[in-house]
Structure formats: structure tokens, C-alpha cells
């Protein structure tokens, strides 16, 4: 084992550890705002793992969309719920927690299985490819893929975003109307 | 996967980030200290006053005195604050700003962190400070802070969008997200600057940048006539100093960013360097950058001395109804220009 | 569902220790989100018992205290008090003294409006105008200093006249200033009036309908901005305003912007009035002032050189001996903020039995809740700032 | 160069946080500490704090956050497009125009429904 692999593993386990701890924090911390902060940390460590996988563009996207975008949405949602006592949000209902745990476990299982399958299915990219990715970054590769192989998903995605905008607007307008009544 | 073979050189490579960091930290502190003084002096001259003129020759040491004062000030924390988040917030606001300093190309070789997605990362990190501001507002348990924090967040996210889309046009022009590549693409003097094809984008970016650093006319989060001091109302001592440092450091950063993206960065506007010796070219590049950056900063201060501030709803409407369409239009115009240029 | 969890309103305190309440006004506001639902002004933090103090002081001793009711328009309060006392005592004021009063009052109006302009824009976030208006105000205040020896709280009027005549060259300096001022106002208008942000912040913000204004007893520029032609200088001229051509400055919509426009116009109008008054002031051209004051020895009231109207009554009234007869009197003055009323009851002793002030800012504070209701919290400042409230005047 | 850049980035993040913490700690060591009952009151313009400061915000904030997220995602997808735009020419231009066009429809919709209006 070379020293670079040791360092690589060191970083991986460090980041993975932070990720696990903060992810547990999201679930188990009592105050919802603490959970939100732990969530930012979790997102950032996911970005770190992406970097370790040489996926620089995805890592930055992770920060910009999840660590900032989603977090802001979450925090605003917390503010929307107002002054309700934080502790009440602690999972109290047994049924709900069972359902939540069950679905989370199922998701986890799926990911594990699919990643094991993927390990067999995927080929290790050649050193040449890795070399290229490491010097140029992955952005242009992603761009090429988006505009050639995955054109349709790319355009459908804009429709999805359009649907999201319309949904957000409809919710906001509904809220406005109910308030004015 | 790591393409590193470990030699003594590589061990040095793992230690050497310390050096640029010390450089960047010193630069940041120096820049902020100078910037605060410059702002006070320029504002004073614009409003027929003398400005600081007591500490040191011509008041030049005023900011040092202020910094020392802030260091020795008691840090008052209200008993009702959420102490953990209250302490965490200034760090969350300050740290990303400092990292962004490392991403900025000050000269061709003087860029501490040179990444392929550098530009993209700058925006990711700069939007992280928004989270810190919301945390500061929330943890203060103060009405003005909370209102200020929420306003600030709403403002920051609203202006982030036209900002990013304006920057997209630069990515189109340069075909890269690396800061050095972007500068090199406009190295041929004043007429190759990105400012010309993407002029609307330049204006949009300039406005958005002023908004991102909460300066007049977009300083609503800290509008002292309404919200006392916004999200940092409860802060004092060093914690306040960190916010303050981050704010002025951010002002310098956005100026560097505007210069790098639209005004040719560190390159000479003449298209050639006056000096031909490699070592001197380095210094000349730094000179051009500083000259351009301080022109931008002067403009920002000038704007502060001229304009009143907007109202929250006007601020939002301005971003979504004016800047965003402009930025999208700019993107389309630039890509069409680029396309026609290729024919 | 969400609605049930929510306490919608937030009580927020604006003042007394707030950067922008012009002193120590306290507003208890109920905000829903950022919309102001209710406002309760709490006043009295600057209450000094100005009315009650008069009852334990002689008429003359109370005179300097009147200045402090509104430190920005001291001359007006002195004038209101003096006119009331003069009415009870039956004192006649010589015309030259009246003109001196008029000129100083109009200058004071400009100074007051200038300071208002600066603080108004400061409330809107523009810091520079404050320093520019102080540059101009400084020149006016220097003129006052030359005349009265004070830069604030002038204590210059006495019962039956003023304390001193203009010093040599004062009128020339005043005329110089009058020539200079309109250009400076043009400068302000160039950077403020057409500024799109300023327009956005003030147009249609805080609209005061004429009815609302009249109901709340709003006077001065605030009501004139709503199109109500109420200017005491024109409608019931005191002093020598009747001899001058006063044109009230009116605007129609009554929003914050109009209140700004009216005040700017009033400053120009004041300058015109000063110039006109200096032209008409009895006693001749400035250089020969001293000569004119010299008594020619005939001692006849109709004499064009030393008649009563030409003279200046500057004698200090003895504080113990001055006892106006039993009676009551009211004087009304068009101060920079509106109608200032002074009501005095005399019981024949050397102390007033009762002094009552009606101050225009008091009404302006009262109307504030109506104007800001259902507005954005950020609109509070342009509205409150445009009303030109001076807190000492409210609390007295 | 590439991985080294990230190593420096990680170091920078660490150092920056350490720098901020060091400043706080240093100040904590040298600063005077004189707590007081009234000093530790929340600032409320000189009055006793009253009411609850954790208020509920309007849904419009949430709407802006959602719109931000959506346009952010759009921008993230356009960045790779911008980088390869040079090489792909007209095809890329048309694709991006369609992509942007569809989102503009969303923006116009929000605009027309007055959702962008901040009361």
C-alpha cells in the first residue's frame, strides 16, 4: 500500500466520519435549528467525498444546491412554522417513526445493493481518463454528455423545473388568498 | 486514484498551503484595514469633512486603533441568546470569505488555490455566508436581528441568481471555469475585455455584487434607521469584528471578481506589458489589478455617498423583475455573439 | 394546518433608544410579517414641564426658556410668546423691529427645513445630504450668531421689539446668502428630486388626505402638501407679513414626496420673502443703518427719520416690574412645522397665570399611526421623517 | 496540480476556521469580563424586552427560497453547457435557448400571478 493510498483512505474515513456523525445529528438533535446546522455539515462532507471521487463539478454543485439552497429553504420553512416549541418536533408518534425508519432502511438497502452491483458492473476507468479528469476537471465532460447523449433528459429537466416554479407559485398564491379572506 | 508519487517534493507540497495562507491572511487584514480607512476618507471628502485625522500621520493608523479596541472589548452576550449558534455564526460568515481570497487570481502565478471549477466554487462559498447571517439573526433572539437576518437572506438569494447567470455569460466567452483561463482569454488589452460583449452582464453583475455585500443602496439588512443594526445588533467585541472584517473583505473580493471577469483581471489594458523582465511583469500585473480594483471600490463608495436605500419589496422586485430578465437576455446575446464569432 | 401553529403578530419597539426616532419617541408597533398593523406612539421622554414652569417665573425670565421648546425654530417660539404678551400688555412693536423679526424668522425657517432635509434623507439611507445641509445651515447660524451672539437658543426678541439692530454689514451678508442659496437648492434638487430611488421610496407613500389632516389638526407644510391652503402668513398675517407678497407653497397628493417638495419650495419662498423684506425694511439702505437709527431730535411719531415705526425697541424689560394687566391673549404663528399657538392668561402679577402651547409636531405624531397602518415596516421612515417631528416640541 | 489544488482548498478551509476561532479565543483571553444583569438583556431600544422575538414569517420568504433553488439548479446545469458551448456550436445554442425559454415561461407565470410581488 502506497502512502498516497493511506492518505486517501485517511481523508475518506475522516470525511465519512464527519458525514455519519452530522447525519446522526440531523436526526437526533433536539433543536430543529441544530439539525439544520448539522445538515449543512453533512452536505459539505458529501461534497468532500465527491472531491475524493474526482467529481469536482458535482462537489461544487452539492455545495451550491444542497448546502446553501436546500438549507435556506429548510431554514425558511423553520421560520414559517413560527414560535412553536422546538421540542415538540421531536419524533413523538410511534407509528410515524416506524414508517420513517422503515422507509429509510429500505432506501439504505437499495443503495447498498445497487452500489455493490455497480462495483461489479462498472469498469475502472483507465489511468489516462483519470489523468485527463484531474487536469481539466469534469465540467466539460459533463457538458458534453448533457448536450449529446442526454439531451432529452436535459430538456425534460427544464420542464421539471417549470413544474416546480408553478407549484411554488400556486402554493404561495393559495396562502395569500386564504390570508386575505 | 490519487495521482501522486510521494517524494520530498510532495511532502513539501502538503506543507506549502501554509505559506499562501499566511500570505492571504496578511493580505486580508491589510486590505480590510486600508479599505476601512479609504472608505472613511473618501466619504469624508465627498461630504466636505476631514475624516479620521488624529491617530497616526493623517489618520492613517485609525483603523489599527479601532481593531485593537475591538480586540480588547468585552464580548457581551445576551442571556437569552443561543450561545453555540451565536458564536458559530461569525465563523460561518468569515471563513468562506477567507477561502475565496485564496481562489482569486492576483497575478498570473499568485493564486493560492487554482481549480478547474474555481469560478463556480467562488459562488458556492459566497452563498454559504448567507447561512451564517441567518444563524446570527436567529440565535440573537432579538427582533431586529431576526428581521435583519431574514431580510438579508432573502436579499442574498434573490441577487445570487442574476449574479450567477451574468457569470454564465463569462463562462460562455472563456469556455472555462478556471479563473486564470478567464483572465487569459481577455489578455489582449482593453478591447478584448469581456465587458464589451457582455456589457449588460457587467452592469447586472456590478449591481448584484453591491447587493451581495449589503451596501447602499442595498443595505436593508443593516438599515440603521429601521432595524438598528440588522443581524449584528447583538454582537460586540471580536464577534462583531469578524462580521465587519468579512464585510469589507467581501467588498474587496467582489471588486477583484468584477475586474477578473469583466475588466481583464491582472492583464494590462494596453495589450502589452510595460516591463519585459519576468519578475517585473509579476509586479506590473499586481499593479494593474490593484489599480482596477480600487477604481471599482471607489465607485462603490461613491455610490454609497450618493444614493438613498431601497425598500425591501422594491429590492426584491428589482432583482426578479429587472436584473434576472436582463441577465438572461445578456446570456442569450453573448451566446449568439460567440456563435456568430465562430462562423 | 400551519396557520394554527402560528402566532402571527410581533410587537416591536421602535425607540426610545433607536437610531432614527429623532430623539426619544417610542413607537410600539404590531407587525405582521413586515406589515405594520398597529402603532402606538409613546411620548413624554423629553417632557420638561415648559408650561408649568412659566407659572413660577416672571414673564421675562420665561423668555429664554421658550427657545428650548423647539431648538430648531427658536425664533418662532420667541415670537409667538412675545406677540401674546404684547397683546396683553398693549405694547406696540415698531415696524423696523417687526421686519427684523420677520427676516430672522424666515432665515430660521430655512435653517429648520435644511436640517429636516438632511435628517429625512438620512432616514432614507442617504448620508451625504446631511453634511451638505449643515454647510448651508452653518452660514445662516453664523449670521444669527453675529446678530444675537448665539448659534442656538437665540433669546433675541423682547416684549415690544428685538434686542438689537442688525450690526453693520449684516444685511449685505444676508443678501449675499440669499443670492447664493437658490443655486444650492438647485443642487439638492438635482441629486434628490429626480433620484429614482428617492421617488420610489416617497411617491404615494404615507398619503395624507386633506380630511385626515384637518381631522388631526395637522398644519404647516404637512397640510399644505395635501392641498389645503392654510398659511397664517397669508390668511391672517401677523407681524408685517401683510405688507409682503406671501405665496403659499402647495402640493396636491399629500404623500411624503409632496411634503418634501413643499418644504423645498418654502425655502425658496422664504428667500424671496427675505429679499423683499430687506428691500422694504424701514431705515433705508444697509450702509446707513446706524445713521438712520440716530434720533433727529423731533420726537414725533410721524417723523420719517426718528418716528416710532422706524425705531427699534431694544430696552430690556425689568423682570420684576413688568406686570401686564389682567387678561388673556392668544397668538398664532406659522412656524416651520405648522401653527404654533401661545395662549397666556395674566392675573396682573409679574408671573403668567397660565401659559399654553399648541405645538404642530404633537399633531404630526398623532397622525402617524394612521399614515403607517398596513404599510411596510420600511415605509415608517420616509413617512415619519417627512412629517418633520421635533420631539422636544411634542413633549414640551 | 489538480488534486493539489483541492488539498490547498481543504487546508484553507481548516486554516480559515482556525483563524476565526483564534481571533475569538485571543479576544476572549484579553478582554475584560464584567457581566451584569442589565448588560445581558436583549437590546430592545432601551426598554425591557417584551413579546416573543421568534416570529413567524410570511410565506413569501419561502417562495423566494424555492425560486432561488430552482434557478440555482438551472444555473448549475447551464455551467457545463457554457464550458462546452465553444465546441458544439449551433446545436448547443438552440438547446440552451429551449432550456432557458422554458424557465422564462415559469418566470413570466410567476410574474403574471403576482407571486413576485412583495407586499
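The chains carry the letters A, B, C and D, assigned in the order they are written, with residues numbered from 1 in each.
Here is the rule we use: contacts are C-beta pairs under 8 Å (C-beta built on N, C-alpha and C of every residue); 3 or more make two chains touch, one makes a residue touch a chain.
Being a predicted model, the structure only gives us computed values, none of them experimental.
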Interface with more contacting C-beta pairs, comparing A-D to A-B: A-D
Most distant chain from subunit A, judged by the mean position of its C-alpha atoms: C
For subunit A paired with subunit D, centre-to-centre distance based on mean C-alpha positions, whole Å: 16
Whole-Å gap separating subunit C and subunit D, where each centre is the average of the chain's CA atoms: 48
Euclidean distance of C-alpha centroids - subunit A vs subunit B, Å: 27
Inter-centroid spacing, subunit D versus subunit B (mean Cα positions, whole Å): 14
Per-residue overlap in subunit D, given as positions that touch at least 2 other chains: 1-3, 6, 44-45, 51-57, 60-61, 65, 67-68, 72, 79, 82-85, 107, 119
Sites on subunit C at which at least two other chains make contact: 6-8, 10, 12-13, 18, 34, 376
Contacts with 2+ other chains: residues of subunit B: 2-4, 115-116, 120-121, 138, 143-144, 150, 153, 157, 177, 228, 312-313
Contact set on subunit B toward subunit A in their complex: 1-6, 82, 84-85, 88, 115-117, 120-121, 123-125, 127-128, 130-131, 134-135, 138-139, 150, 153, 157, 177-178
Touching residues (chain side subunit A, partner subunit B) in the complex: 2-5, 7-8, 33-34, 37, 40, 54, 56-57, 60-61, 63-64, 67-68, 71-72, 75-76, 79, 127, 130-131, 134-139
Touching residues on subunit A, where the partner in the complex is subunit D: 48, 51, 56-57, 61, 64-65, 68-70, 72-73, 76-77, 79-83, 134-135, 137, 139-140, 142-144, 146-148, 151, 154-155, 157-159, 161-162, 164-166, 168-169, 171-173, 175-176
Subunit C - residues contacting subunit B, complex: 10, 12-13, 18-20, 34, 121-128, 130-132, 135, 191, 195, 197-198, 200-201, 376-381
Residue numbers on subunit B that touch subunit D, as the complex places them: 2-4, 13-14, 16-18, 20-21, 24-25, 70-81, 87, 90-91, 94-96, 98-99, 102, 112-116, 120-121, 138, 140-144, 146, 150, 153-154, 157-158, 160-161, 164-165, 168-169, 171-172, 175-177, 228, 233-234, 237-239, 241-242, 312-313, 316-317, 320-321, 324-325, 328, 331-332, 335-336, 338-339, 342
